[in-house]
Structures are given as structure tokens and as C-alpha cells.
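You will see two complexes here that share chain A, one where it goes with chain B and one where it goes with chain C.
The block that comes next holds the complex of A and B.
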């Protein structure tokens, strides 16, 4: 098990290196000089040159890349061009808000999605199944930000029940988390349903029923457990798209997370910040996938790591 | 014929197909169908509720929302279809080369795919747009490239199994070269899964386009685009429900139809893909 984890971590190194290279080159291919953006139009050529040297932007690109890489290894991602503060520190400030939002979203999506999937499969080809699957289909087709706007309109503007912008209390978390969670739950519901349908036809489920076990026990104890492996994979993928989803949702709800930081950095051409955030997201992605693979083993003892 | 009959049996998919057809028609004849110029500002009529003159109301500047939605069809369909084409062509080529040639080409291609998969689609699209600047063509490129890895993986897997089949062996025995085998023998046999993935991808591409425009990194104003219209509506939630209701319905119904159509095509063409 430990050797497996180490092997996977070693295998992730080239991927992460590639990610840093892609992000670094794309960021530096960007037309428009960040120094020109930082200084005002009337800055003298001398001032521009001095600032370029100060930021290390006058060095050859390979050297800049090496500096970025070794800096990142030491936890130093450079300073934001916009605020002048260390990128790591600004990200660390914003990270808890994004994690809280993503966890709350998953907290809604996982139970809701699995429950809907199980119910739809148990009542296959009845109206319950159809209604659930229509809802799930809408969940993957409707844009998150539109659902968010509708929620804001109903609960914020019309009923005046919930705050719609900022993050100053737990109440602020409800609408963004529900917006993120409902979408993720529809993908999970579809996966759970098809997984359950397969399992419900298997011999051991028939045996369990023949033994006279109640429908609920068979459903949740025997069938669901064996459906969970593909579902866990999808949860892993969903966490990735959830992280992506926070970029838009944070913008809509003025939620002070990494997504908002990223969009601001792109608009301001804040190179170091864009590099830092790209690296963080890729790292999170690789880590989540590793955790998902390890969870397989807990769910299915037949899987051995080697 | 048998496939067509099987497809026609799915009522929802047929309705979705007709709806997409209607959208294509709308996009082609936008100029004839719109009651107003989508860019024309009727300042005296700003934030007006739906009426006979402005069937879906006007926005904060006094532009006709129905006309803007009609013209928005062009943007969404164009980006959706072109992004998917780019992704399918680049991704399939990569997957085909990797799967058929194997060896170090396979290694390199799949490493690139791994790297692309380690960056979430929307972030990749954001980085590409940040690099190239926001414009319609860059948006198409960004949305397209961010879904390349999906096609590359699928095609590589399919090619790996097709490569070992008798008909490929027969072609090789007859002296066909690699390129000829790939294009003439393998490609026709892997078209179905690519078409299925593509039709499901159109909805995703339209959603990404609207999302990027919503956060101000997609199509530039004043070009009418559904996601951009929703962004404008955010400030006027209290005063103008029509500003956010109709563009949202336009995106949702289009993506829903594309997805229903994709699901049906998958069931008909390639039931194995169903999970």
C-alpha cells in the first residue's frame, strides 16, 4: 500500500512538471506587457526597464522558468503584480473559502445524487424513475449561473430570506453551495442509477431477496455497496469540475475564494498569480485522483495495489 | 433504415432534433426573423416589460431582448459546432496515431493528454483566453482544445482494439501502408463513438461559452450572446425578470436538446458507450 502511494506520487511528478511548463509558457506568450499594465502610460523607458529587472522579466525565459520552478518547490510563488503581496499568502487567504464551498457542495451532491439514483433504479420504469431522470437531465443541461440567478431572485430578492453576496455568515454559504451541489448531484444520480440496475440483476441480489431480506436491506446493504466503485470515480471527476464550477459561482455570489482571485488575475494579467493558481488546481486534481484510487481498495477488497 | 426507425421511436429525441433544426433555421435567417436590430438602443424604452413592440421586453440600454436572443443563436451554435469539430479532429488524430503506431509516439501523446487532463477544462479555457485575448475565434479554440483529451483517449482505446482485428490484418497482408489502413479501414469503424461524443459535446461547449461570457471572458459586448445577456441582467434582478428569464431559457432548452439528441444517438449507434 505504502509503496503504491509512493509509486503514484513519483508518477505524478512528470505530469505536474508538464503542467507547470504549459502554464508558464502560455502565461508568457500572452501579448501585452505586464510592466506596462502596472505602470501608468507616462512612465519613462528607464522606469519600465528598472521594474522589468526588479521582477526578473528581463531574464531569458528558460531562466525565468527555472526560477519559478525552484521558487515553487520552496513554497515561494513570487509576488502578485497587482497587490505586490506574495502569491502564496493571497492564495492561502482565499483557499479556505473555496474549500468550504466545494465541501458544502459535495455534502449536498453526494447524499442527494446517490439517493435519487437508488430510488430511480428501485422503481425502474415507473413515473418515479422518469421524474428523477428528467430532473437529472435538466441538472446536466441547465447552466449553473442561471440556476444561481433564479435562486437569488426567489430567495434573495422576492422572499428576502437569504443573503446573496459575500461570505460573512453561514447563511451566505447556502445559495452558492446549493447551486454547486444540485448540478453535481444530477451526474451522480445518473451514474448511481445505471450502476444499481446492473447490480440488481445479479445472482447475489436474487439470493438475498430469496432469503427473505427486506427490500431496503437488499437495496442499501447489498446492492448499493457494489455500485459505489464507479460512483466514487465520478465523485473524483466531479470534485474537479466542482473546482472549475467555483470559478463561475464565486463570481456570481461575490464569494471571496480562489476562483474570484483567478478571474481577477486574468483580467489584470497578473502572471505570478495565474501561475500560482494553475499550479494549485493541477496539484489538487492529482491529489484527489490519488485519494479516489485509494478509496477503491477500501470499498472493494478484491482490488490489490501493486 | 433500421437505425433510423430505432431513433424515431424515441419521442423526446425526435422533438429535440426538430428543436435543433429550428435553431439552425433561426441562426441562418436571424436578420429576417428579428423584429429589431439587436444592437439598436431605444433609450426611451429601457427596461420595458414584454409588449407587442418588444415581445420579450428590453434590457437596461433599451435593446430588444427577442432580437438579441435570435442573434445569440448564431454565436452559440457556431461556437458549439466549431469547438466540437476542432476537438474531434485534433483529439481523434492524436488518439489514432497513439493507438495505431504505439511505442514512443503513444507515450508522448498520452503524457500530453495526462497533462491536459490535470488542468480542469474551464481553467485551461481561461488560460488560453488569457493568453490569446477574448474574441470569438479564441473562444472557439479555447473551448475546443479543452475537450481534446476526451477524444484522444476514446479514439486511442477504440483503435487499440481495432488494430488487432482481422480486416486490418488482411489489409496489411495486402500491402497497405499505415496511413491507408488508418484512414480507409480503421476510421470508418470508429466514426460512431466520435459522433456520439461530439453530439454530447455540443451541449458542454455551449454551456462553457455562456459561462465564459458570463464572467466577462468570452464574447465581447455588444455582440449579443446568451451568457453575456445573463451577466447584464444580474444588476437588474429586482426590476426586470425578463432580462434573466429568456436568455436562460434559451441556453437551457438548447443544451437540453443537444444532450437528449446525443443520448439517443448513443443508444442507437453505440450502446456500449452507455454507462
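The block that comes next holds the complex of A and C.
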């Protein structure tokens, strides 16, 4: 197991290296000049050239890439072109909000999605199944922005129960987490239902029932556990993307996470910040995938790591 | 307080710097002396409470010298204070952190007697040496000052004559200097504070509000400066201010800002044209407006394009644009057609342009194209077998996008094929600098008519923003005359001739000037609109919720 983890970590190195190259290339291929965005229009040709030199943007691209790479290895992602502050420090300020929202959202999505999926499968082809799946379909199809606006209007403006913007208190977390959680739960519910349907027809479930086990035990202990592998995979993918920040939800609820930081960085062509966030997101995906693979072993003892 | 696209949200002001209005609607606004106003009478004001402002754009830094953002000028001014302030009625520049000042007859020497009771938030007195250090820091290349650096470009030397006497000597007479001294970008700095780590998040100034907290992406809270009692004479209160806190909540999404205003989470925010009437008729809110200190929307032509080198084609485009229809549709009527390069709020504006400027006349536009040698094809005008096709750069959303589509339709009627190309702001400006445009929408906010130097002087082709590539010696001469004339009559005359020349040559196609609106919950009293500087919180008080 330990050997497996080490192997995976070693295998992550070329992945991340490739990612740095892709990120660096994309950042520098985007049209737009950060110096022009930074300086106001009073800037003389001289000032522009000086700033470009200070930022190292006049160096050849391979050299800039090498600086980025070796800096990143030392934990130095450079300074934001926009604020002048270290990229790492700015990201560190935003990460807690993103993590909190991701956890809260998944905290709603996982139990809700799995529960709905199991119920729909257990009551297959009844009205319960149809209603659950229509709701899940809506959750997958409706834009998060639209649902968010609706929640803001109902709970913020009409009922005046919850704050609509910011992150000053636990109350501020409710609307963004519910928006995120409901949407993420729809995918999980559909996944769980189809997995359950497959398992419920298998021989061992029939055996369990024949032994006289209660419906609940069969459902949750025997069937669900064997449905979880694809579900865990989807959860992993969702968490991975949530860790990179959910721009639309963060933007809508003025939630101070990494997603908004990323968009601001792209608009300002803040190269170091764009690179830093890109690298972090890649790390997050690699880490989450590793964890997901390890969880497979817990769910299915037949899986051995070597 | 206070373009995006990266640009904007506040009420502000921006004196001294050109902020291209990247954002539709331009949140940096201009003001309306007549319509502006607000309840200046504070009524029964009580100390305490918090004013919550819904802000669209987060500042990059509150180290005012290192920013070029309108919102930093604005928030920075409430924290920092400034040497001068503009009287909202007379528009004259009066003392704020000084007791008196005088300018020598040649306009080169500015002498200030400083207020002796003013001090920084850290308790240190504000003396002449602090001002000297502030100016020298802005001039020091290591500071990488943005707008502040440009504002002090003409400063030759700064001398602390005594503790409370300051003398500033300029290289050349610089008409916009008084305004520069009234901006947040040239707020006095406390050396002890400014040299500390992360000063941009912990600024120290001599204004009525001090920084309390900046939570990245979320809020910037200012608290009342209890020692402040040196407000400029035009405020009712000398200070300190009544509210305990002035909090800027960063809410990038417009729909959310409006919802937060309606739910009471914020007390003040800018409102788009669609919502103005609704908030005006809602008794809970007061709506204040400010005219843009600049030109809201105009079309620039790339004179390197052979088609656009012919003034008749530029005149035809000018005559083909239905300004009134654009204002009605895009601004919901909250704007005025523009005919010249300068807005009516500017010194030197010539009302004559309203008579001599181009009006919507599609027949005249067609005639001009025929005079220029074009023949009407099936749908569009053609010359030498080529259809008259021009691209038009615009932004991806908002007022610019909407206006570009209307202009496209107007010009199609005339017989000019317009290819609308929407770009996000950074990509747009990069395209303009590289000369990829035939035409582009543009807008600016600036404190002074000298803005034409940046957009139209031949020296600004290439690295500057003369994206029209206008190279006209007669125009250059008038621009230079305008910036160097100390005599107001001469200066006004230079700008009058310049406006006439711009119309004759049709270097731009001006479209409109707009206003920006703010809704204020009436539980906040005493906030009023300065015609050039934006919302004023000095006389404000808050009723308990």
C-alpha cells in the first residue's frame, strides 16, 4: 500500500510537469498584455519597457518558464502583477473559503444524492422514482446561476431570512452551499440509481433477500456498498473541480474563494497568479484522484495495491 | 464610491487620470450638480451605526500611489485626505489639509500653509516633511507609482520651508495640478507606516475614516477617525464623522448587489439604467446621480485604413448613427447625444458643437459615400468591386455590446457593412495597440480636457493610446496650446478651435454622454453627491435598523 502511494506520487511528477508547461503556454498565448493592463494610459514607452524588464517579461519564454518552474519548486510562485503581493499569500487567503464551500456543498450533496438514488432505485418505476429523477434531471440541466438567483430572491429579498452576499457568518454559507449541494447531488442521485438497479438484480441480493434480511439491510449494507465505486469516482471528480473554486457560485454570492481570484487574474492577465492557481488546481486533482483510488480498496477488498 | 470590465463600480471620480471606460456604463462617473444633490441636511444625526456599500470592484491595493483604479482613488481619499478639495458649488479648489495656499503668477510655484492640528491615524502629526516624502516617493521609479506618478510628473522640487510651510515648484505650468492635489492618489503618506510590510492592506492617512479590516474578496471596513476635525469648509460637519463604520462589501454580481440593497444587507450601491425608475419610485430609497467626467461613448477610426482616410467616409459614419435611438435603448433615456470630443461638464466645452456636430441623416450619409466614389451594390456601397466593410471592436457585454449592434444596424441602413468584434477588455486594448481595428468603441473618464493629448496627439501613436493614429499638425498645435495656456480665456479658445476641427475632420464619431445612478437606503442620511468627486460621507449619519 505504502509502495503504491509512493509509486503514485512519483508518477504524479511528470503529470505536474506537463501541467506546468501547458499552464505556462496557455497563459502566455492568451492575447492581451499585463503591462498594458497594469499601467494607466499615461505611461510612457520608457515606463512600459522598465516595468516589462522588472517583471521579467522581456526575457525569452523558455527562460521565463524555467524561472516559474524553479520558483514553484521552492514554493515561490512570484508576486501578483495586480496587487504586488505574493501569489501564495493571496491564494492562502482565499483557500479557506473555497474549502469551506466545497465541504459544505459536498456535505449536502453526498448524503442527499445517495439517498435519493437509493430511494429511486428501490421504488423503481413508481411515482417516487419518477419524481426523484425529474428533480435530478432538473438539477443537472438548470444553470446554477439561475437557481442561485431564485434562492437569493426568495430567501434574501422576499423572506429576508438569509444574507445574499459575503462570508461574514455561518448564515452566509447556507445559500451558496445549498445551491452547490443540490446541483452536485443530482449527478450523484442519477449515478447511484443506475448502479443500484444493476446490483439489485444480482444473485447475491436475491440470496440476501431469500435469507430473510430486511429490505433496509439489503439496500444499504449489501447493495449500496457494491454501487459505491462509480459513485466515489464521481464524487472525486466533483471535489476536484470544487477545490478549484466554483466561479459562478462564488461570483453570484460574492463568496471570497479561489474561483473569483482566478477570474480576476485572467482579466488582468496576471501571469503569476494565473500560473499559481493553475498549478494548485492540478495538484488538487492529482491528490483527490489518489485518495479516490485508495478508497476503492476500502470499498472493495478484492482491489489490491501493488 | 467607485471599469471592467475591469473596471468599475464606484462613484468616483477620477480626477487626474484617464480611465478608459472599460465597463459598460462606466462606473466611474461624472456628476450632476443640478440633479445630484442629496440630503445635505443631516437632520438629527446620532453617532454610531454602519454604512454598508455594495462595491463591484475590489481595489488592487490601498497604497494609493501604486494603483490606477478609480475605486482606490475614492476609498483612498476617505482614508488619506488631500491637500486641496474642490468646492462643489464654485468648483474652485479650496484648502483641505492646508489653511491657505497661493500660486505664483507664472503658475510654477505653489506655496501651502499646512493645518497644524491635522495628524495621521497613527497619531503622528502631518508636517511639511511628510508631504515632501509623499511627493518624492511618487516620483521615485522604485515606487512604480501609477497614476500618482503621472500626477507629479511636472513637479520639479518640493521644499519643507518649515514644519507647516510647503513649497512645490513645477517645471512647466500644469493646469490640472490643483485637481491632482485633490485626489486620493496624492493623499499624504506617513513614512513610518508606508515603509511597513503589506502597507497596501494597512494604509494610514489623515482622513475622516481609517482602515479597520480588509478581508480579501469580501469586505473593506473603514472606521471613524475620532480625532478628525479638519474637513474642508464646504461640508456641514468639520468632523469626526457620525457613523462608526463605512464598510465596502465586494459584490461583483450586479443582480446580487441589487438584491442585497433590497434586502437591506447593503445601504448604497450603483444601479443600472433598468432599475433607476424602480428605485426612484420606492420610498425606501433615494436615488442620486453623477454625470460622467468624460465622454461616455464614441467611435474611433483607424486612419491607417485607406477607406477611413477619406474624411467623407468618416463623416458618413457620423451621419449614419442614430444617437437618440441608442440612448433610448441602451441607456433607457438616461443620457444625452454627444457631438464633440469633450463632455459638457468640462472646462472649455463649446456648446456650439450641438449645432455644428453631425446629426442622424442617413440620406446625407449616402450622398457623402457617393461623393467619396462609392456606388450602391445590392445591399452595400462598393468601390472597385469591393464592398465597404469595416470591423468595429467592442466589449463582450453591457452597454458597449448593445450600442455596437445598434450602430451596425444603423450603418447597414446607410449601406456600410460592419463586422462587430466583441473582446474582453485586455484583448480589446491589445488589438487596438496592434492596430487590428478599423473602428472601435471607446469611452473615457478624466478630470481635464487635456485628455485629448492622450487620444489624439501624434506623439501618442504607437506606445500611447492614439489608437486612431491621428497625425494632424493643426490638431497637435491646438492640443499643445490647450495644455500650456495658463490664461483661462486662451485655453478655452484653444479647445473651442479644437472641437471645431474634430467635427470638421470627423476624427471620431461621438455617441453619448451618460449619468451614473446610486440608490441609497434612507436609513442613511446626509450622503450627498459631489458633482465631480462622487458620493460624500462626511455629513452622513445612520438610523438604527
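In this text, the second predicted complex is superposed on the first by the 301 of 306 C-alpha atoms of A that agree within 3 Å, B and C clash if a C-alpha of one lies under 4 Å from a C-alpha of the other, contacts with A are read in each partner's own complex, and residues count from 1 in each chain.
In this section, contacts are C-beta pairs under 8 Å (C-beta built on N, C-alpha and C of every residue); 3 or more make two chains touch, one makes a residue touch a chain.
This one's a predicted model, so the numbers in the text were calculated from it and none came from an experiment.
Participant: Quick one: chain B and chain C on chain A, clash or fit?
Facilitator: Because the two structures are overlaid on the shared chain, the partners are seen to clash.
Participant: After lining up the shared chain so the two structures overlap, which partner does A:152 touch, if you call chain B first and chain C second: first, second, both or neither?
Facilitator: Touch partners of A:152: chain B and chain C.
Participant: Would you check which partner chain A:269 touches, where first means chain B only, second means chain C only, and both and neither mean what they say?
Facilitator: Both chain B and chain C are touched by A:269.
Participant: Thinking of the overlay built on chain A, is A:191 touched by chain B (first), by chain C (second), by both, or by neither?
Facilitator: first
Participant: Taking the superposition on A as described, I'd like to know which of chain B and chain C A:84 touches: first, second, both or neither.
Facilitator: Only chain C; A:84 stays clear of chain B.
Participant: Please work out whether A:121 is in contact with chain B alone, chain C alone, both, or neither, and reply first, second, both or neither.
Facilitator: Once the two structures are laid over each other on A, A:121 reaches no partner at all.
Participant: In the superposed arrangement, does A:26 touch chain B (first), chain C (second), both or neither?
Facilitator: Touch status of A:26: first partner only.
Participant: Tell me the contact category for A:137 with respect to chain B and chain C: first, second, both or neither.
Facilitator: In the superposition, A:137 contacts chain B only.
Participant: Does chain B (first) or chain C (second) touch A:51, or do both, or does neither?
Facilitator: second
Participant: By the touch definition at the top of the document, which applies to A:167: first (chain B), second (chain C), both, or neither?
Facilitator: Touch partner of A:167: chain C, not chain B.
Participant: Would you indicate which of the stretches 20-28, 146-154, 218-226 or 254-262 belonging to chain B has clashing C-alpha atoms with chain C?
Facilitator: The listed stretch with clashing C-alpha atoms is 218-226.
Participant: For chain A, which residues belong to both interfaces, chain B and chain C?
Facilitator: Comparing the two interfaces on chain A, one with chain B and one with chain C, the shared residues are 30-31, 149, 152-153, 156-157, 251-252, 267, 269.
Participant: Please give the residue numbers of chain A that touch chain C in the complex, ascending.
Facilitator: It is residues 30-34, 36-45, 47-48, 50-51, 54, 82-85, 90, 93-94, 97, 149, 152-153, 156-157, 160, 163-168, 251-257, 260-261, 264, 267-269 of chain A that touch chain C.
Participant: For a test of understanding, state which residues of chain B touch chain A in their complex under the given definition.
Facilitator: 111-112, 114-116, 118-123, 126-131, 133, 203, 207, 210-211, 214-217, 227, 230, 233-234, 237-238, 241, 244, 248, 251-252, 255-256, 259-260, 274-275
Participant: Please name which positions on chain C make contact with chain A in the complex.
Facilitator: Within the complex, chain C touches chain A at residues 4-6, 17-20, 54, 58, 60-61, 66, 68, 141, 144, 146-147, 149-150, 153, 198, 200-201, 215-219, 249-253, 255-257, 259-260, 262-266, 424-427, 429-431, 433, 454, 462-465.
Participant: Note which residues of chain A are touching chain B in the complex, please.
Facilitator: 14-16, 18-19, 22-23, 26-27, 29-31, 137-138, 140-146, 149-150, 152-153, 156-157, 191, 194, 230, 240-241, 243-245, 247-248, 251-252, 262-263, 266-267, 269, 274, 278, 281-282, 285-286
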